[in-house]
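Just so it is clear, A, B and C label the chains in written order, and each chain counts residues from 1 on its own.
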Amino acid sequence: MQDIISVKELNKHFKIYKHHRGIMGPLRNLATRESTLVKAVDGINFVIQPGELVGYLGPNGAGKSTTLKMLTGLLVPTSGEIRVNNHIPWKSRTEYVAEIGAVFGQRSTLWWDLPVIESLDLLQHIYKIPEDRFQQNLGEFRELLELDPFLNTPVRALSLGQRMRADICAALLHDPKLLFLDEPTIGLDVVAKERIRRFIEHINQARGITVLLTTHDLSDVEKLCKRVMIIDHGKLLYDGKLDLLRERFGEKRQLIVDFVEEYEIISIEGAVIADREGSRITFHFSGQDITASELINKLSAQYRIRDLEVREPDIETTIRRIYEERLLE
Amino acid sequence: MRLFWELSKLAFQRQLTYRAATLAGLATNFFFGMLRASVLIALYHGQSEIAGMTITDAITFTGLTQAAIAFLSLFSWYEVMDSVYTGAVSSDMLKPMNYFNFWLAQDSGRAFASFLLRGLSIMIAYALLFDITVPQSADQWLAFILVLLLSWLVSFSWRFLVNLAAFWTPNALGIARLAFILSWFLSGFFMPLRFFPVWFVRLCYLTPFPYTINAVVEVYLGLVDGQALAAIILAQIAWILLLVLAGMIALRAGVRRLEILGG
Amino acid sequence: MSHTFNIYRHLISVNIRGQMQYRVSFLFDVLATALITALSFGSIALILQRFNNIAGWTVYELAFLFGMAETAFGTMDIIFSGFDPPYFGRRVRLGTFDQMLLRPVNLVVQVLGSQFILRRFGRIIQGSIILLISLTHLEIQWTAVKILMLPVVFISLVIFFGGLFIIGATLSFWTVESLEVVNIFTYGGTELMQYPMEIYPNLIRTFFTYILPAIFLLYYPTLYILDKPDPLGMPPFSPFLAPFVAVAVFIVAFAFWNYGLRFYQSTGS
């Protein structure tokens, strides 16, 4: 299948001008213009297939939003190539943006003083959405996103979660092929987050819309994305399956066993005892050396087990380790 | 008093940080000064003196008034109003300081920074480019400084009063804009008041506005002295007292209203 | 094309409805803007009781310049309010320009549609009253060309000032803090045109003749309409340049806008 997004050697550099202090500062600023170059995005390559749902991760200031802004045509790249759905985003802006939907978490694209429904009506005109298609989509989204209680409320009076739902609805009414989401769950409570995740999953699966989302919240990624890309200091550090990431960089998997009696356990090949608390013993093991079932088989062949639990390494700790220890560079 | 000083210093420093804006403002003020000077020169049409003002005085007048724009916040000042609308007013009221003084302190810092950055710079630019009038004696300088200081107090107590409208209506911005425009025209900013017909000057002097701009201009140019000068200073003080009193009364009523509304 | 216009109409109506939510403030604002114009001219008129004329221009001749400049600027100020440099600068600083870039509609149309400040109507009312007073008091020898010149000059002025607003707005892609400088050309330009150009120093006049040719927009057409001699000795076709200058400035502004867009740095997160 043809790639829906392809990014080659993408760069975005910003010049930050030095500001002189003091009363004569502005004059000196004009005269010298010393600047430092910040490489917000530094030679990124990736492709995305139609229908994928990809999580784009990175710490603050890593270059996530800058990438997303270039993909949506808001920013012009310093160099490199972007093709999305056969468009160069910033060149054929009007044709291109008609085919995508985008939500930038902190900022509403709706009209501040208008009731939500009127904003949506206005979007129907702007995107030239046929009436039947509009009604059909609106009907579906109203139900799935539970928009009805605040459809007649002005946007300025909405809660953060309500606004996000209205914005996501607004981004999808014109049947875009792609959806870009920048921090779609930021600042929301658990229930609201869950509702939005379910919706994103739904439109990805039922409608085949390709979704690229940036997030701070790793539970978003865990619940939604099979594939993740990790960016830091403008460079792409990882691009692949989430499971693989966990395996390669995760801490050891844990097997916690409650034995019937206390044993002077002999060593089991492929696992180490990390903790011992009466009859409860915690083993650490790595999926490359031994599988969980092999380990359990070996143990139950020799000892009497009352209960056991396998703990997968937590993705959050994994990712934090990647940033902190710069494991991928 | 210590708090007053700190607030003033903070406002002063804040003003210093807007450097590019200051330069842009200066260029704009200066350009408009040139336009206004051109009009006056054309009006004089070679005459050496009109209504007691020489052409040099007239050019100096345009410099002084342009220099006063930032110092007196002549065109706009909506800070108290903003704080009422944002609700910051409630926490500001809790400060161990009279609310009027709280803003007076901040405006003093703002005004002083504007005086240095925008006022003095314009006058220096004028002095370099044109022949301008300068006070001739220490007495006149002293009188000028006193009148200038009082003009700031007249201007501030008036601006404060106007801003209080925000306690009563969500539409105070429109009212304040109207008030600013009125004060701007009646203050003698546009043209020296002595060029206008007598009835118009009398009308202006029924308001406090000539005591902001016109008084400063006349004292600086040495057009008044002795009794007339004393009268100006007394009138300034009287207006300050009156406006501050009105401000206090309005403030108390406004706060009571805010409490009733549970703001 | 009709679709674009339709959207423009929709956007404007949204904006106007927003303004009407603050009705009292709106009325005061209309009054305030009207008052500025009335008082500015009233002051000149009062001053002229003492001085009789400025550089040989009577109060009614000045009223022509003044009324035309104010009416045209006021009209532009409503139509182009979305490009009003401080307003647009705030949009750029807050990053709300992003939402326009994300919509499949021409950007200029969206910016024009984003703001339509009706309260500036006061300026048009007062400006046209002053213009009307001038026209009824001046004994103009009307010809077909002169009559045609009135709307042409008016429209040219609107386009010219609109171009300046676009240039000012574009500058905010680089700097927001220094934007006040643009006032020299926009508000300064109107103020400048309200008086006969011969009163200004050479430096200013040269600038507004050869670099930003504002002199041809109102001053020269007015000399022609009022049959006044040209004290500056410019070529005889000077009174007819207004539409050409206006279109040229607008084209330059538009090209600059398109160039500047590349430098937009969507700030914030």
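Keep in mind that, in the parts below, contacts are C-beta pairs under 8 Å (C-beta built on N, C-alpha and C of every residue); 3 or more make two chains touch, one makes a residue touch a chain.
This structure is a prediction, so every number in the text was calculated from the model and none was measured.
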Centre-most chain, if every chain is reduced to its averaged C-alpha atoms: C
Between B-C and A-C, the pair joined by more C-beta contacts: B-C
Rounded Å distance between subunit A and subunit B, as computed from the means of their C-alpha atoms: 54
Intercentroid distance (Cα basis), subunit C paired with subunit A, Å: 47
Rounded Å distance between subunit B and subunit C, as computed from the means of their C-alpha atoms: 29
Junction residues of subunit B, two or more chains touched: 20, 23
Residues of subunit A touching subunit C in the complex: 14, 65, 69, 72-76, 93-95, 97-98, 102, 104-109, 111-114, 118, 122, 125-128, 182-183
Touching residues (chain side subunit C, partner subunit A) in the complex: 3, 6-7, 10-11, 14, 17-18, 21, 95-96, 98-99, 101-106, 262, 264-266, 268-269
Sites on subunit B touched by subunit C in the complex: 18, 20-21, 23-25, 27-28, 31-32, 34-35, 38-39, 41-43, 45, 50-51, 169-175, 177-178, 181-182, 185, 190-191, 195-197, 200
Complex contacts: residues of subunit C adjacent to subunit B: 22-29, 31-32, 35-36, 39-40, 43, 46-47, 49-51, 54-55, 175, 177-181, 183-184, 188, 191-192, 195-196, 199-201, 204
